[in-house]
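Structure below; questions to follow.
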Amino acid sequence: MERSKLDLWVGLFVCAGIAALLILALKVGNMGSVGIGSDSYKLYANFDNVGGLKPRAPVKSAGVVVGRVARIAFDNERFNARVEMSIDNDFKFPKDTNASILTSGLLGEQYIGLDAGGDTANLANGDTIKLTQSAVVLEKLIGQFLYSKAAEGDNSKK
Amino acid sequence: MLNRSAFLNIRGLGHHTVDGVWRLGYALRFFGITVASSATAFRRFRLIVRELYFTGVLSLIIILVSGLFVGMVLGLQGYHTLQTYGSESALGVLVALSLVRELGPVVAALLFASRAGSAMTAEIGLMKATEQLAAMEMMAVDPIARVIAPRFWAGVISMPLLAALFSAMGIFGGYLVGVVLIGVDEGSFWSQMQAAVDVRQDVLNGVIKSFVFGVAVTWIALFEGYDAPPTAEGVSGATTRTVVTSSLAILGLDFLLTSFMFRGI
Amino acid sequence: MALPERAVAQENLIEISDLSFAYDRRPVLSGINMVIPRGKVVAILGVSGSGKTTLLRLIAGVVKPSRGEVKVGGVRVNELDAEGIYKLRRRMGMLFQFGALFTDLTVFDNVAFQMREHTALDDRMIRDLVLMKLHAVGLRGAQRLMPSELSGGMARRVALARAIALDPMLIMYDEPFTGLDPISLGVISNLIRKFNDALGATSIVVTHDVQEALELVDYVYYVSEGRIVAQGTPDEMRASADPLVRQFVYGEQDGPVPFQYPSREFARDLRLS
């Protein structure tokens, strides 16, 4: 095996390997999209119930991913959940934005949906979103449904 | 009689354990000397390039073909299981995560150990048995710097590249079976995959794993060859030991690394 | 302690005094006293396992003696540091038992190995030198072959060319005659003598091929069970009355070195008595 042929094969091998790594990083992974990186700012929101929300869950507005959930912690003073979000620097939201925990599809994973309000001032790094809507808990929903059905039954009897 | 043989066995066990510990110490010293003598290998990079050919390039075929088959099987099995939950669109996620996090690094390392690792052990063992290493020492050339270190770094460099190639081929295999053959929706295959696979968490951890495996396998292979008794049975025994010890080390390290890396998920 | 640059030309290149060496508590050599004069070809004879190869390794500093000392060119080998030993070895050449050629290099690259590693000579110079060495052993035409394509005798000759690549002051031969056909035997023998004289070097030949050795060398040491039991010029050895020497020189089946491995009486083994 002459020197040049050997070098050629090794060069090809290393290139192929690096290409595979890049493919994995860019096309398979989510390096292209918003990550928990340095070009994002933090927003907080308190929820009575986060349901099945997990860290790294997407934060969407109008269905488009604008950030990720960074951390979920228990707020011991208010006895609710404090969610820390990393929002892409490109997207600013007004102070009266509404944050709700929604489910993608019927039984899919949960995410935070941001509904922009009309305020002229925007939320800054470290601000807390005041208007929040907690996750829908299935048991409470069923309980409500049964209760309302029972109430309806009472009403119709009267 | 039973008591006597039981006693002898315990003594034998103790002897083996002491032997094992002594050997481990020797192996660690060997590792240290190899790394310390690596200056020559990097100054004369051609030595490493040559070994890259024998460890990396010649392992390409088995890695690529195995990756393809593993990916295809993942696609098949994954589809059947996900289908019962109506979540076929998550096939891409299943294939990608399984490969990138676990199967890529681990299976590629196992294949590498049996192909390149055993070849290295046999080569070094034969060099020892035919006195080539002694001849080199007599010529005032340090065999560890000239023969062992380049092979070590070639193995360490090859491993992550081979694991990445394995994973990439596997994902392609999963795509072939899932999308092309079975008919899972192409768009959701890739988009859900992209959403679920995190570069830092999954891809990078996979690379770190394969790097650790590369160090372990190459070290074991070179040590077994260097320490092999200079006879035919000695070399063949060493080759077998390389494959067995490497495989156990890979699986054990995999568990350790996985429990560190994927804690909170 | 470095090897003195201008070594005083002593009569003896190597002086071994009261040398003992044990491997894992098993004594290999005991109380060896030996001198190797400059410019001479000296044979170390003995049966297999008598410690002859260990002597070579002690001279080269591969192993350290348990007792006693080895002096090469006036310098104690066991006191040299790693750097000193490497410097010493660059002035030694060694021919291993079956050649020990590097199997992944061509014949040319094998001979060129030391030149490339230890000198800064350019490629053309190295090429000329390698071809000269190969020509001296008669294998210039085989320069592109791989060691696996060589016969035993050819491999040994290439290894010889490699051993003298840097014109060493001491050449050591570990069983150079083993397994060779008569023609190759004659060739190697001639080359050993030719190189020794042409290079002004000193040679040590370790072997158990007595007849060949007696034809070739200037002095003989006979080692048995780790001790020197006889020494002298080849003529003296041939004329010796010592039964041990006679058995070795004339290849007698039985003598001081017994034919039968230690065992019980034959009759008892056959259950006759």
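Labels for the chains are A, B and C, by order of writing; each one numbers its residues from 1.
The working rule: a contact is a pair of C-beta atoms (placed from the backbone, for glycine too) under 8 Å apart; a residue touches a chain by one contact, two chains touch by 3 or more.
This structure is a prediction, so every number in the text was calculated from the model and none was measured.
Peer 1: Using mean Cα positions as chain centres, tell me which chain lies farthest from chain B.
Peer 2: Greatest centre separation from chain B goes to chain C.
Peer 1: Which chain wins if you rank chains by how close their C-alpha centre is to the centre of all protein C-alpha atoms?
Peer 2: B
Peer 1: I'd like the Å distance between the centres of chain B and chain C, where a centre is the mean of that chain's Cα atoms.
Peer 2: That pair's centroid distance is 43 Å.
Peer 1: Distance-wise, how many Å sit between the C-alpha centres of chain A and chain B, to the nearest whole number?
Peer 2: Roughly 37 Å, centre to centre.
Peer 1: What is the distance, in whole Å, between the centres of chain A and chain C, each centre taken as the mean of its C-alpha atoms?
Peer 2: 77
Peer 1: Which residues of chain B touch chain A once you look at their complex with the stated criterion?
Peer 2: 49-50, 52-53, 56-57, 60, 96, 100, 157-158, 160-162, 164-165, 167-168, 171, 190, 193-203, 206-207, 264
Peer 1: In the complex of these two chains, what residues of chain A are touching chain B?
Peer 2: Interface residues on the chain A side: 1, 6-7, 9-10, 12-14, 16-18, 20-21, 23-25, 27-33, 35, 55-56, 58.
Peer 1: State the interface residues of chain C toward chain B in the complex, per the touch definition above.
Peer 2: Within the complex, chain C touches chain B at residues 60, 62, 85-87, 89-90, 92, 94, 96-98, 100-103, 113-114, 117-118.
Peer 1: Spell out the part of chain B that touches chain C in their complex, as residue ranges.
Peer 2: It comes out as residues 126-127, 130-132, 134-141, 146.
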